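You will see two complexes here that share subunit A, one where it goes with subunit B and one where it goes with subunit C.
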Partner chain A sequence: MIYKIIEKWALEDLFEGLRANYDEVVGPQPSKGHGGPALVFDKLTNFNDLRLDYDTTILPPKKYFLNPDERILRFNRSTGDVFDTEPVQISRAIFGMHPCDINALLLLDQIFLGDYVDPYYQAARKSTFIIGTSCMPSPGHICNAFGSDEVHRGFDLFLTDLGDRYFLSCATVPAAELVDKYLDAREPVAADISDFQARTRQFKAAFKYLPQMDQLPLLYGAKYEDEDLWNQIGDDCLSCGACSMVCPVCHCFDVRDKLDANGETGLRHRVWDSCNFSEFAEVAHDYNFRPTHTSRVRYRFFHKFVGNFTRNGKMLCVGCSRCNRACKVGITPARVIRALQEDANANVGAETPDSADTVSAKKDCA
Partner chain B sequence: MSAAIHNHGSSLKPAYPRAIVLSLASDFGCQLQLSNIADLLDVLGTIKLEYWQLMSSAVLPADYDIAIIEGAVTTQDHIELLQQVRTVAQTIIAIGSCAITGGVPALAAQDLGKHVQAVYSDDADRVAAGRVRPAPISNYVAVDYLVAGCPIDPREFVTVLQGALLGVRQRQQREPLCAQCKTMEAPCFYSIRAAQDIADGMATPQALCLGLVTRTGCGALCITRGRPCTGCRGIAADANLSSARTFIANEGLDVDDFDDALRIYSSHALDDGGEEQ
Partner chain C sequence: MTAAHTAKAYRKLGANPYRPWPARITSITQLTATEKLFELRLIDEHVREEFSFTAGQFVELSIFGIGEAPISISSAPSKQGFIELCIRQTGTVTNAIHRMRCGDVVGIRGPFGRGFPFEEMENHDVLLVAGGLGIAPLKSLINHVHDERHAFGKVTILLGARNPAELLFRQEFDMWKHRQDFDLMMTVDQPDDSWDGEVGLVTRLFDRVDIDPDNTYGAICGPPVMYPFVVEEMRKKHLDVDRIYVSVERRMKCGIGMCGHCAVGHQYTCIEGPVFSYWEAINLREAI
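Let's look at the complex of A and B:
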């Protein structure tokens, strides 16, 4: 890792450097959509659109690695011909990924670059340059519970905001070359390191709430059949699947064939799916092994907190808060964790770990 | 809530299945959408279209394989026609909200006599003879395939028709719209409506988006174009109406307004025991 310091005004030079070297530069910016105010990762044509001090975006940068609608092959019913779709080779720089989103990408790497390498994911991963950026926790952000408030790999370049300047961490050769070629950067001095430490302390202190994670996987298993606990959550669930779509780690997909109008040729699509859809667990003879809202919502969090944890040692949540906003009825990871930790036999009056998070979950219910 | 499934699993036998297009009570908008199919000639190459009142003066043949039906049932004649069609057609495809949910015509189902009286006065029995409570066609006959929407999306119709021709079972997406909306990355109408944001024109006050409970599949067509969902595809099979109403109340919106908005396309389901369909 090479460390450098740049003045804030130099950021535009970095943007221009990226533009010169990549087909597309994307970053957080105000949505051009019509609903409420929101930020999205989108193509940056104007540096001034970039919002590096952003809170969160509707969709995570996952969309650049797992296309919501990947066309994986073309077929012909009459001839039986099948033509695999080659992964699209576009070089892209993602500006401003938060530590949670980079950590989410590392989790997706375990899944899509593990025993079975997914060519589309792999191609996108190889051709993407990642610039991480430091953040400050907003209410509802619980990355601290999953250790994803810090990131030490998975990026090319990381910018830590020191107020009037950025502390740069260059993790790769392309990053070092980019900094060398386009930026007026200097070596960090003791005062920079000191400010970096102060900034880190300020960041850690800004978390107002830490979910109680003690024995969570075990507790989950033990309370899996607790109908009251799960019905309280499941009765609220709209079964809309918005949580899965906005999750930087959810990665389930469905495969669907779509015929052209001639009825002979067509495309096979790989599209985002959600275990909150009742269709997800439907098998032959109309049998559905998760037929209720409750069974589906219980399963979704089980996979996140237990399923992958017992296999890979990682929970499939980075605490980014996107689902807090997407879910209209306040079903958040923090709520599920709280429900699991609650002790039905504990003394009445015992203080429950409530906090700004509850308030924010309602306010942000957006 | 989705219409009963009649028959599946066997593809239609003739090389070019004979199709007819019928219309009950509706504004013909969905038929018009059929004529808007971009690759209409390709589609017509896969069937033998024998009857389509909007396009041709040919008379209804005695025999056919596929009946494509638009509109709600509002008269005794409609019921008899449907029952006749069901005995002939191997496959019935219901298109549009009128046919599937009762749609706008079903709004008149409550206090039907009063509405008829208001419109036709003393002439009601002559002008609106044989009237029945407006209802979706699945109230009277089994329906094999559905194309939801007001009006339908011609591309979705083509996909459903192809499924019918192949004899494959129609996909049953039961979830409401929100997931598609997120995938399109459309900002939510229920996002934080801070007073300042409203004043700045950044947020719409009191937007009543029905996507929360509406059958998905439209690709968030309205929302991505700046309009809240009006629920034209009907209530999703997995919709959680009670939780959605609680949310609406928590948002400071009126639950009755929410229900009234839903009634435009789903009054049959809400008021006429439509859940049983």
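Let's look at the complex of A and C:
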């Protein structure tokens, strides 16, 4: 890693450098369609559209790595001929990814670049230049609970905002070359590092809420059958799947064939899916392993907090808060964690006669 | 054979793991009113050479224009060059292949998942139990044991079906009844005039089962409701739960651990399954 300092006004030079080297530069900007305050990742043609001090976007940059509708195969029905579709080879720079979204990509890497390699994801990953940017927590952001408020790899270049200048971390050769060619960057001095530390302290102190994560996977397992708990959380779920669509790590997909008008040739598509949809776990004879919306909500968070944690050592949530905004009925990771941590007996003081009875009763059971 | 093995074969063939290999239907046998046995041959010679599997693994069957469905392989690994799929007519893909004829071309991806631990089972006695269509995945193991008979000790096979007409591979198994090297028992719930064998659930047959629990592996395939009852019978015979293997049914869409549809507990049926030890299965949420 090479560290550099640039003045804030030099950012436009960086943007022009990216424009010269990549087919497309995308970044957070006001949504053209919505018109409202919502920000989206979209193609940048004008530097002034870029909003680097944003809190979040509607969709995460996941859409650039996992196309919502990817064509994975061309086929001919009668001959049985099959042709791979070539991954789209567009070079793209993403300007302004938050640490949570970069951490989300690292989680997706575990899934799509394992024993089996997804060629479309891999191609997008290879042809994308990532510029991360520091942020300040907004209400609802719980990245601190998942350790995704910091990121140390998975980007080419990272910008930490020091007020009048940026602290640059160059992680790759293309990043170093870009900085070299387009920016008048200087080496950091003690005052820069001191400001960086002050900024980090200010960032950490800005989190008003830290979910209690103690023993979460174990608690989830132990309370999995607690019907009251899951009914309280999942009963309102509309099975709309919005939470999965806006989640930077939700990656489940469905595979569908579509025939051309000639009835002979066609394409196989891979489309975004959600485990909250009713038919997600359905098998032959319409047997459904998760027939109720409550069971699907319980499973979705199980996969995030326990399933992937047990399998790959990481929870599939980066605390970005997009699902908080997308959910119409207030089902959020923080709420699920709170419910799991809730202790029915916690308010029973140790010295009261009642609690003594409870303790002895428990001993008898054991 | 594991995910790493199949992934390596795909890399060697220079193919992306979503690509099905064209396979020709070489034989179709009507087994019951709703089930047919399809014999398939992968058309490409290189693909055929790389395609090796263990009993209990599955393939993704493609009917182009309709879609894909996970189907377990019924033939033995020792039957080279061909694979057999026992398919019930139930969904869009399976209905489509039921309308196809010999010579037609389908797509095959795989093999996927983890099969039965045959290396661990070898040199031991085996107790194999199937109910209904559960025979489809178990048939591969039965065929394997049959082909490598010398490598196994005592072999006990228990088969159950709703009625004689739904008893899969009945003709074949009727012949096996006369063999000395297999202890084969069949039962049906609803007998008809053609049936002179046992009547009742497959668990009934356990009265006549005699096993050495320290030297036996069990394997069970059938509808989910069957597992706890059969396992209970095996437990009564003092078989350890980590020596009993079950095959789990899920909606595997990709077969390569990405699409999320087949997750059970913290594992993926298409990677760590579909065969799990019973101990693993009861520790996976909603598996059984």
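The working rule: the second predicted complex is superposed on the first by the 344 of 366 C-alpha atoms of A that agree within 3 Å, B and C clash if a C-alpha of one lies under 4 Å from a C-alpha of the other, contacts with A are read in each partner's own complex, and residues count from 1 in each chain.
As a working rule, a contact is a pair of C-beta atoms (placed from the backbone, for glycine too) under 8 Å apart; a residue touches a chain by one contact, two chains touch by 3 or more.
Only a predicted model underlies this, so the values are computations on that prediction, with no experimental measurement involved.
Enquirer: Would you mind checking whether subunit B and subunit C clash or fit side by side on subunit A after the superposition?
Expert: fit
Enquirer: Tell me the contact category for A:205 with respect to subunit B and subunit C: first, second, both or neither.
Expert: neither
Enquirer: If we overlay the two complexes on their shared chain A, which of subunit B and subunit C does A:189 touch? Say first, second, both or neither.
Expert: After superposition on chain A, A:189 lies in contact with neither partner.
Enquirer: What is the contact status of A:344 with respect to subunit B (first) and subunit C (second): first, second, both, or neither?
Expert: neither
Enquirer: Thinking of the overlay built on chain A, is A:272 touched by subunit B (first), by subunit C (second), by both, or by neither?
Expert: In the superposition, A:272 touches subunit B alone.
Enquirer: Looking at A:259, would you say it contacts subunit B, subunit C, both, or neither? Reply first, second, both or neither.
Expert: both
Enquirer: Which holds for A:241: it touches subunit B only (first), subunit C only (second), both, or neither?
Expert: first
Enquirer: Across all Cα pairs of subunit B and subunit C, what is the smallest distance in the superposition, given in whole Å?
Expert: 5
Enquirer: Name the residues of subunit A shared by its contacts with subunit B and its contacts with subunit C.
Expert: Dual-contact residues (subunit A): 256, 259, 263.
Enquirer: With touch defined as at the start, can you tell me which subunit B residues reach subunit A in the complex?
Expert: Per the touch definition, subunit B meets subunit A at residues 37-39, 42-43, 45-46, 158-159, 162, 165, 171-179, 181-183, 185-193, 197, 202-204, 207, 212-213, 223-227, 237-240, 242-244, 246-247, 250.
Enquirer: Considering only the defined contacts, which subunit A positions touch subunit B in the complex?
Expert: Interface residues on subunit A, with respect to subunit B: 31, 33-38, 40, 58-59, 63, 68, 235-242, 244-246, 256, 258-263, 272, 274, 276-279, 293, 325-326, 328-329, 362-366.
Enquirer: Spell out the residues on subunit C that touch subunit A in their complex, using ranges where they run on.
Expert: 3-4, 7, 10, 15-24, 43, 62, 64-68, 88, 90-91, 94, 105-107, 249-251, 253-254, 256-261, 263, 265-268, 285-286
Enquirer: Where on subunit A does subunit C make contact in their complex?
Expert: 72-73, 75-77, 79-82, 84, 111-112, 114-119, 221, 224, 251-257, 259, 263, 266, 268, 270, 273, 275, 280-285, 289-290, 299, 302-303, 306-311
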